[in-house]
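After this come two complexes, each holding chain A, first together with chain B and then together with chain C.
Entry: the complex of A and B
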């Protein structure tokens, strides 16, 4: 069930209404059943995979807590192996097999290992990572093992964040299922506002931009450099509005029922450096990798070269997390390189800026930093969006070697895309400076209602209703 | 209670704004003077020609009504529309036949047209503005989604995405579209040689689309309209027969309707100078094709009748 579907509007209304009607001790049953229904609306049978990892992690959690010494570690490894194993089979098996086939054909041999004819379960990487964070936290002693099987299942399956995050931590979410949430006017309004904003970003901006972006990236051979630059900038905003739109709807729908999910995006294109970008983009995943991989590798408390390696490795894995394709791995590696380069060059860049006098003009310096960061991020998006390595190389080659005029296609759409991006930037700039979306939190009832009407009317008039899935569902 | 009161105010406000905006958009939608939507409006509400062409962009770019009109000494209009297929054509026919029966209906079909695929009914959004006034097409438009009738409760929904197009088409003077009677000429030549496609992936036929095609033919016959089904030329060479075309041939044979298959006609297929892109003939070739097609149909006219 997609957040941008009419089915979800009905589902959300029914589940939320029932949630406040049902007495507290039975609410977890309602949420669990509705989450199962939500997930089974995609491919019903894949709920068995979820069931498998839930059972393993539920018992692993209790066994880790009970055990001491080596046994504790063994149970953690069992849990991690089960989760990573599921990921490996469903997400990476065919990719690895593809590479093996290519390798063997290079030496004139054929690959005897068969391919699996399976569909990637929706949101697999998200709920697997959330499940892993539970057993790791129990192992680290930061979280007590959950005794209530239903509540633990709900922790993994809570429908707002089941298929595309935010990837929660047990310390933040589990206890909330035990709390009795009363109907709170301000909280419900805040949740609905966030949902409206998310829906606007997805339907009015992301899905419109995707029409232009797809027409360019799906016909890479026919376009020139300037066209790819424009398409890549459009894609940067498309993926942001698509994913952050999803996150806003997820966080908003949970908030209406009284749950606080972690913030996933904080206007990332206002970041002044790549490091800041990653503190603003997909925060729940970035912090997951920091907490469970980067720190486990030693984090900053190692030699400088080792720290660089840790950074690079974490981003490489982050790329692989996104998809079983070399383009994602390169995308991850590129971001790792950006960060390492930023660390190495910091001193020299500061001196250079001082020398040019840029640093003295703070505003100008900040704008310059935002633009450079955005350009670097856009460059990495080429790998993220391109269908394969051949296309991404072709696009980069064209960007640096060919000129000409930008392909406009449908003039309305093109102008619309530019206006939509400017509108988004305007609204987000206000949010960045004043902390509110449009006049959502104004004391004036009229201003608030005008803000709501403005977004709702734009959704009805310009929103793409047949746009389909969110990009991050495939991960 | 405060919450519900405020929500109620918001809902009332929303419905009022939606009603107003919807009424304004409806007013201007039906006053467009040119453009693709104007052609749909004309087809549904005004087309009264003797020969009508139905189909997708391949119909819109391949059949020159004037050539048929000259050959048959009858009037002709091309209702084909980019990105719209058999369901669109059938809906148009249902609307038109309520008030006018042409003498000849020519249905252009495409390869893969009856393929079952996700979102294959989405294009019917082009007919949403007619949902209210034409009861006969509602069941087809409802195929878009389970909640289509509920969505249509919103007055702005049928005009979703159309606002800038409507504004421009209302402002600008009549374009050439009306002068060429629905036919849209293309002028380029394709810049690559034709591919030889030995095998395409198998696909499943959508029974609803197949049935619609059959109903379309029956509807024409019920109204005493002569009907011919044609597959116009493709640029690439296909060595395998297409499942849709096999089905079309079968239904035409069952219904005793002429089916002309020009999809691999050597006079066009593979000729770079005659195609604008791999799916569409350019203007010169469309004229040549229209002449050939109209001649063949004249020879077969006794069969059609």
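Entry: the complex of A and C
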């Protein structure tokens, strides 16, 4: 079930109303059943995979807690192996097999391993990572093992964040299922505000931009460099609005029922460096990798070359997390390289800026940093969006070697795209400076309502109602 | 406290929905007013085709129709009035909608359906594009059957006054300001293209079979049966395209077979001279330029006339 569907409007209304009508001890049953229904609306049979990992992790959590020494580690490995195993089979098996085939054909041999005809279960990487965070935290002693099977299942399956995050931590979410949430006017309004803002980003911006971006990236052979630059900038805003829009709806719908999910995006295109970008983009995943992989590898408390390796490795894996395709791996690696280069060159860049006098004009320096960061991020998005390595190389080659005029296609669509981006930047700049979306937090009821009406009017007027699903569902 | 919060929420929600209703009603009516006030542009052409044309020969189809059939050339040859109701980006559902709506007003003598290559391929976009007919849902109830193909909630969505005009604000401004008159001059629905294709490279038109969209096939059959029942001479035409192996396009093959089965003349210009090898008659691989359109319009008018004189 998509957040931007009519079905979800009905689902959300029914589930939320029932949530406040049902007495607290039974609410987890309602949430679990509705989450199952929500997930089964995609491909029903894949709930069995979820069921498999839930059972393994539930028992692994208790066994880890009970055990000491090596046995504790063994149970953790069992849990991680089950989760990574599911990911490996459903997400990476055919990719690895493809590469093996290419490798063997290079030496004139055929690959005897068969391909699997399977569909990737929706949101697989999200819920397996959330499940893994549970057993790791129990292993580390930061979280008590959950005894209530239903509540644990709900921790993995809670519908707002089931298919595309935010990837929660047990310390933040599990206890909330035990808390009785009363109907609080301000909280409900805050949740609905976020949902409206998320819907606006998805329908008015992301889905509108996707029409142009798809028409260019899906016909890479026919376009020139300037067109690819425009399409890539559009894609940067498309993916941001698509994913952060989803996150906002997820966080908002949970908030209405009284749950606090972690913030996933903080206006990433206002970042002044790549490292800051990653503190603002997909925060729940970045912190997951930091907490469970980077720190496990030694983090910063190692030699400098080893730290660089750790950084690079984490980003490489992050790329692989996104998809079983070399383009995602390159995208991840590129971001790792950016960060390492930033660390190495920091000293020299500071001196250079001082020499040119850029650093003295703070405002100008900041704008310059934002633009450079945005350009670097956009360059990496080429790999993220391109269908394959061939297309991404072709696009980069065209960007650096061809000129000409930008392909406009449908003039109205192009104007909508530009207006949508300018509107987003205006609203987010205000949010960055004043801390609120439009006048959502104003004391004046009229101003608040005008803000809502403005977004609703734009959704009805220029929202794309025939748009597809959220990009991150495929991960 | 909780009870008070709930009461406050319900009260404010009701007021909020009332405000949304008023906003939707006002903005929707404003959009409707300006939509039907247009006197040029692509949206206006749909309104004209549905509500005004009384041409004896009606051409229906996609952008290929609107770019290929020059009514003035055809009129001169045929001695009958011609209107080109082709609309870019639209598919068989739209064409059927035009036919149904026109038949509530008058009966054209001849209908020319320009069949699109890959017309019967299942594509969500063909259903999304039915949105072109949304502004007419209340003035043309006969179109509801087609509008509902967009999805199960279309009747509910149409409770909104603004919904039918979604994404149309810029085209409506354009249509009211008459900007298209200069940018894209129109001759009785015909939109000539002046550009000449840059090179003679033919694009591939893969010779593949695909699962056919049963709803599209059914709509194609409905066009045939509607014309038969109304006593209209229907001609189905596959107009020229500068594509490799276009003659064996799966949808065209199916369309031809169904036309033959129903005794409807099917004119296939896929490999006819001079269009097969002269790229200078095209503006791009799938659209003739004005020079190509003039030649094609003469040829198609001749074929129709011949058939009307000597029906086979």
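In the analysis below, the second predicted complex is superposed on the first by the 475 of 475 C-alpha atoms of A that agree within 3 Å, B and C clash if a C-alpha of one lies under 4 Å from a C-alpha of the other, contacts with A are read in each partner's own complex, and residues count from 1 in each chain.
Here is the rule we use: a contact is a pair of C-beta atoms (placed from the backbone, for glycine too) under 8 Å apart; a residue touches a chain by one contact, two chains touch by 3 or more.
In this text the structure is predicted, and so the values were computed from the model without any measurement.
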Clash-or-fit label for the pair chain B, chain C on chain A: clash
Which superposed partner A:461 touches (first chain B, second chain C, both, neither): both
Touched partner set for A:188, first chain B, second chain C, both or neither: both
Touched partner set for A:77, first chain B, second chain C, both or neither: neither
Chain B/chain C common contact set on chain A: 6, 183, 185, 188-189, 412, 416, 449, 452-453, 456-457, 460-466
Of all residues in chain B, those that touch chain A in their complex: 2-3, 9-10, 13-14, 17-18, 21, 25, 119, 122, 125, 145-147, 150-151, 154, 156-157, 159-161, 163-165, 168
Partner chain B, residues of chain A touching it in the complex: 6-7, 10, 183, 185, 188-189, 412, 416, 449, 452-453, 456-457, 460-466, 468
Chain A residues within the chain C interface of the complex: 6, 20, 182-185, 188-189, 412, 415-416, 449, 452-453, 456-457, 460-466
Contact set on chain C toward chain A in their complex: 1-2, 5-6, 8-9, 16, 19-20, 23-24, 27, 31, 124, 128, 131, 150-151, 153, 156-157, 160, 162-163, 165-167, 169-171, 174
